[in-house]
Structure formats: C-alpha cells, structure tokens
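Letters A, B, C and D name the chains as they come in the text, with residue numbers starting at 1 for each one.
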Amino acid sequence: MTQPLPLHHGIFGRLRRDTGEAWERFIRHPFVLGIGDATLPQPAFQHYLKQDYLFLIQFARAHALAGYKSTDLAGLRAAAAAVTAIVDTEMPLHISYCAGWGLTEAQMQAEPEDMETIAYTRFVLERGLAGDGLDLDAALIPCLVGYAEVVERLLADPATRQEGNPYAAWMAAYASDDYRAAAAAAIESLDRQFALRGSEARYPDLLATFTAATRLEEAFWEMGWRRRA
Amino acid sequence: MTQPLPLHHGIFGRLRRDTGEAWERFIRHPFVLGIGDATLPQPAFQHYLKQDYLFLIQFARAHALAGYKSTDLAGLRAAAAAVTAIVDTEMPLHISYCAGWGLTEAQMQAEPEDMETIAYTRFVLERGLAGDGLDLDAALIPCLVGYAEVVERLLADPATRQEGNPYAAWMAAYASDDYRAAAAAAIESLDRQFALRGSEARYPDLLATFTAATRLEEAFWEMGWRRRA
Amino acid sequence: MTQPLPLHHGIFGRLRRDTGEAWERFIRHPFVLGIGDATLPQPAFQHYLKQDYLFLIQFARAHALAGYKSTDLAGLRAAAAAVTAIVDTEMPLHISYCAGWGLTEAQMQAEPEDMETIAYTRFVLERGLAGDGLDLDAALIPCLVGYAEVVERLLADPATRQEGNPYAAWMAAYASDDYRAAAAAAIESLDRQFALRGSEARYPDLLATFTAATRLEEAFWEMGWRRRA
Amino acid sequence: MTQPLPLHHGIFGRLRRDTGEAWERFIRHPFVLGIGDATLPQPAFQHYLKQDYLFLIQFARAHALAGYKSTDLAGLRAAAAAVTAIVDTEMPLHISYCAGWGLTEAQMQAEPEDMETIAYTRFVLERGLAGDGLDLDAALIPCLVGYAEVVERLLADPATRQEGNPYAAWMAAYASDDYRAAAAAAIESLDRQFALRGSEARYPDLLATFTAATRLEEAFWEMGWRRRA
C-alpha cells in the first residue's frame, strides 16, 4: 500500500481535526521522534515495550468486545482478524525485542501495569461496555490509526534513520501493508458505523471519547519518555 | 394523577404506533380482559404471577443496568428508584397474592423459569449490554408503560368489575399514582435519550427492539393464558 | 480424530451426568434421529436450519465475548478461532443448504427469530455478561460438545443412513476432525477454568447454567420438530 | 455505631492484611494526616474534592453494576441503597464544600478527569464487567471500608483537630453511623459472596484486584497532595 493513509477522510478526519493540539502532541511526541532518529535511550523504549505488551493483551480483549458488540458478520470477522493480528503478529514483535534483551515472555506478563496502562486500557474497554459499538470504535481508533500515521510521518522525515536504528523493526511493523490496510479499513468502518448509529447530537460525546483516548496515548509515550535517563 | 397517560407523545408514541398490531395484541390480550371482568381462571393468574415474580428479579437487574449505563445523576437516581419500586412495592404484591394461596416466597424463587420468561428477560438485559442506554430504554419501556395502559383501559371499560374481583389489587397497583407517574416519566425520559443519542438512522433498530419486547410481552400473557384450563 | 469424545472427562463429564434426563432428551431427540435415518421431513430441517443460522450469529458473538472475558492469550486465541470457525465454516454450510432450496443469505438474515432462538442465545450471552468466563463456558459447552456427541452416536447407529441422506453433509460437518478437536479442547479448557475459578460451592450454580442450556437445546430441536407436518 | 470497624474480619481482613504496605500507604497517606490536623493546604483538598465528585459518579455507576450482577433481592436492595447514599448524601457534601468556594455543580461536572481518576474508576468498572460480582466487590471494598478506617484512625489520633478544622465536615461524613454501618455490611457481604463463589484458587486473583484498587486509592490521595503548593 503506497497510497497515503486517508487521514482526512470522513468522520475519523473530522474527529482527528477537532481533537486538534492533543492529536499533534500524540503524533509528534519526542518519544516518537527519538524512535525515528534512533536517539531514544533504550531504557525508555524497553519500559514502553513492556507496558505495551500488557496493553496489547487488553487491546486484544477490546477487539473481542467489538466482536460481541457487532451485529453483522463483517464486524465479527473484522474483530476476530484484529485479535489474531495482535496476538500472532504484533505481540511476537514485542516478545522478540524483549528476548533480545534477555527478557522472557513470562517476565513481561509479570510486569506490573503502570497507571497510564491501566487508565488507557480500562477507559477503552469500559467505554465500549457502557456504550455501543460506535462508542467503542471511537475509543479504539486513535491508537490503531495513530500508530500508522506516526510511522508514515517518520518514514517521510529526513531526520529518520533506518540503518543501524535499533527501532527499525518496530517502525517496519506499523509501516507494513497489512497494518496500513487495517488502519484504512477502520477509517472506512467508522463511517459506516456513524451512518448507522451516529448523529450530530452524538458527535460531541464521540469527540470526547476520541480526545480522551488520544490524550491517554500521549500519556503512554510520556510514560516511556520519563524513563529515558 | 387523573390525567391520561401520554401514550401518543414523542418517540414512545411513534414506536407504539409503528409497532401496530403487536402492541394491540399485547394490550388487549384475552388474559388481560379476563383480569378485568374477573373471568380469568385462577390457575392462569397463579402461573403468570409466579413467573412474573421471577421476571421482576431480572427486571430489577435491568433497571440496575440502566443505572450503570447512565452518565448523569438523574439517570442514576431514576434507576435506583426503579429498583426500589420493583423490590419494595411490586414484588410484595406478588408475594402477598401467593401467600394467600399458601405459597411461600422461597417456593416462588424455586419455580423454574418458563421459556417465555427466559426469552423476554434475557433479551432485554442483553440488548442493554450490547447496545447503549437508549437501546435498553427501548427494550424496557413496553412493559413499564404497557402495564399502565392495560389497567387504564380496563378501568375505563364497563365490562371491568371491581367488586369481588380477585384481581382488583393487581389492577390497583398499576393504576396507582406512583406507577402512572413512573410510566409518564419514562416516556419523557425516552425523548431526552433519543435527542442525545438517537437519530432517524437508528430508529428502525429501536423499533425492532421495541417490537420484539412487545411480542415477548404478548407471549408472556399467553404463557399464563394457556394454563386457564 | 478416531478417538471417542472424552464425554466422561472432568467437570464436563460431571455436569453432563448430573444433568441426567435433560441431556439424554437433547442428545436423542426425535429430530436428531430423523436426521440420522433420513426420515426427518424437509420443512422441519429447513426451519431448524434457518433459525440455526440466526443462532450462529449470536453464538459467534458469545465466543467473541468469551475472548473479552479471557485474561490470557490462549483464551483470546481460542475465542478468535471459534468465531472464525462459526463464520467461515459452520455458517457457509447453512448458506449452501439454503441456497439449494432457493433461499438467499439475505432472506435468512431477515427471518424473524423464534422464541426458542431468542431464549437460548440471550440466555447464554447474558449469563456470560453477568458472571465470569467460567459461567459463560458452562453455558456454551452443551451446544459445542452436544453436537459432536449427537453425530458420534448417529454414525455409530445402524439405523443411520449415509447414502442418499439429504442431511449427510450436516452430519459430516459435526463429525469432522476439526469440530471434534474443538469439542475435546473445550472439555479440557473447562477443567482449567474450573481449577482456576471454580469450587464445590459454585458447582450447583454451574450445573444450573449447564442444565438450562441443555433444556434450551432440546427446545431448539423441538422448534424444528413441530414443523415436520 | 460506637463499635470499632471489623477490619480483621473474614475475607476482607485477610485481603487487607495480605495487601500489606500498600494498605498502610493508602490509610496513612500524608494527605489524610493533613486533613486530620488541618494542615492540608486548601488547593490540595479542593483538587481532590473536585476529582472525587467525578469519581463518585463513576462509583455510583459501579454500585448500579453490582445491582445488575446480583442475583438475589438482598444484593439488588443493597446496590440501590448504595447508589442513593452516594448521590443523595455523599455528593451533596462535595457540592456544599465547592459552593463555599464559589464553585457550581456544573463547573464540577465540567472538570476534566485526571489520569488517576480515570485509572481507578475504569479499573473498578471493567473488573466488574469482565468478572463476576465477587470480582467487583473485591474492587469496590478498599474504597468503601478504607474511608471509614481512615477517619476512625484520625478521630482516635491526638494530632487530629476538630475545632476550626475546615475538613471537619468531611471527617464527620465518613464517621457517621450510616457510613460505618455500610462499611461493616460490605465486610459481611464479602464473606457471603466468597462462600458462594470464592475459593482458595481464586484468592490470588481477588488479592490482585484488591491490591490494585488499594494502590489506585493511594494514587488518588497523591493526586491531591501534589497540588498542595
């Protein structure tokens, strides 16, 4: 997929634009720039990655919840595929990085969850349980699309180093055709959900959910960033 | 409250009208007419009442769920009041009838749930869990308002007997000011919820929920009616 | 998998035994025997299959819910695999049967749900939402293993016809290695869940759930069986 | 109720003891001691109280959820009473404090939730949704009983000032007979729930929930404490 991500498309584009500064702080966080130019200290990345492993368990549960919340087969299929992608593709990347540092998967699972990890994951899950599938989608999409945008920008940035960058495999994962296709599909799917169950009256509430999730993403980078020294 | 119920008001009025025949079959079921003119055989009423006791436990849970699903204090207050009304007013009526027949509350709780009871209660609960508070309200309201309408009609019907009618206490409960006020408040509340989270696009889905609940109410009377002989 | 199903194994074996008559009525229902000896009238099977298509949508949602309810990766993987098996293997069988009768998938989706379908599916889903993953497993397993047992018995029964039996493809699906392996895995998994979260004190409640689901299975066959004439 | 709280009783006593240092850090946090001796700077208390107002909305939802999760009338009644106590007794105290500082209830509701508030409340709610009523109780009880213990200790501490202490009304609320009776009832109720659905095998998981909630309580005081200067 060499096409740019449809970041300005439909309801996602509107939510992203209306979230404003918070979206930019998420996408251009120093942690991210440090990944691109390889200046991010390893302890910061390690801490992030261990927490992100715990995050992904909860995020896979959130996609399973989206399967429960869907009423058509397309939604059920997409949810099962998302769970499988997280468990069988995204998490093995984390495990392989951690193995390179002498950390086993059992150790990663035993790591205590940081406040930021708890806040973000339980916010998303609870939003989906209290509301409907559209509320859940609005909580899930900043992470899903944001990671694709983060890496799209990094790869277009002359400051980004590929050679000798220890974080190159991480960037490659979120630049993969599969990941970008999933992000684009989520953007399309949000439009369909909004057409079915959304309204102008619901928009402020969906924006509050989207913005809260975006801030929790920013806080998640920050959690890693604080460990840089 | 001597004012008539606002049955044609707002979104409830629209759902009731669009449910059409199914609503009429629920409201004018022979079981109901037999309560009014005191011709309903006692075994039919007894069976209904025992199942309705089990139903009310689940319905109180559904109102508690509505409390969880609400995001403002008014919704939480209304839910707590509804649970209390069911548990402390409506269920004691059932217990008192059953006591008159030599049936203890423990025996009522041990009664197996009929298919109709399972279908209706779990449908409502699951609709509320899968969807949002508006979906739950659309599933709850046919019962809540329908009982008030049933008794309003009976009391206006010359065929209805009050004196010597063994079911007079049952009618009185759903003709009480408190019950009618709760029904009227639910009609108002549905309008507010629809304004916040509804849309024309969601209407067919809400109508499907409302109609399914109405049919399950009709089936609930039918379950009692079958025991008349 | 030529090994017999581990029907007497562990907690499943105990629940199955303690459910007693209700389990036998589910497994040896005349509807099932009519499938085996090809005497089941087509209208009965058609009605069943259309309702079972609707059932499977809800059952796939229930497996997605089990994914949400799991806290380890094995549970998430199993749930995603179960959803995929239902949506991509089991449902296409139904669609193909119905296509042979001139019925499109859109028509199947538009079919109204029978009381039995509503009762069973919403009971399972709600049990899982109100309780924990073990409660959900106890509600899911009678269907999953029961179908494998039904067909295992039919195929061992001399009265069963394979040649010229219009229901042979249906039997083959639930006799497949994949299906039987999934049933055996569910029996093993229930033991692990019970070891983690079960207890003797919980057993009566789990048995009540298992027995209720078994009775709802029997009622589901009965729903088809009533349409035989 | 002049009797001491039954802090060492039953399963609560065991969880509290096994949580160890984390429980002590929650109960004896400098924020709390500053309330007792009136040295806590007002900005710290104000920030805490505004966040606690938002917390209580979610906590009332959590008690409503406990009502949904209960299967007997006692549980439903207790849940409705808890919601009412939060909404009609505990929150008005916050509103009255804030009114004294010129802050309206609308302003309190518009306050953004801090990370600590999101993490704690969504953790509790999600724990209850993913697990059963016992999991939810284990997540709810540290707050409910902890507040009673905090104030019991303060009132027994010679360093505590009552006269001229601006936080005296806050202490009085959690020293009230009603609040202490609710805390004692929760301790009793946890024993009953554990007897019904608990087991030694579940204990580590329940302890993890209880300990996580305790740490999130400590972080909640810390959130206020950081604003003291």
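Note that in this section contacts are C-beta pairs under 8 Å (C-beta built on N, C-alpha and C of every residue); 3 or more make two chains touch, one makes a residue touch a chain.
Everything numeric in this text was worked out from a predicted model, so none of it was measured.
Among the remaining chains, D is positioned farthest from chain C, on the basis of C-alpha centroids.
Here A-B and A-C were compared by C-beta pairs in contact; the pair with more is A-C. Centre to centre, using the average C-alpha position, chain A and chain D are separated by 32 Å. One finds 36 Å separating the Cα centroids of chain A and chain C.
Each chain gets a centre from the mean of its Cα atoms; for chain A and chain B, those two points are 44 Å apart.
Residue positions 61, 68, 71, 125, 129-130 of chain A are each in touch with at least two other chains. Of all residues in chain A, those touching chain B in their complex are 68-69, 71, 129-132, 135, 195-199, 201-202, 205. Contact residues on chain D toward chain A in their complex (touch as defined above): 61, 113, 115-116, 118-119, 122-123, 125-126, 129-130, 212, 216, 219. Contact residues on chain D toward chain B in their complex (touch as defined above): 57, 60-62, 64-68, 70-71, 73, 76-77, 79-80, 83-84, 87-88, 91, 125.
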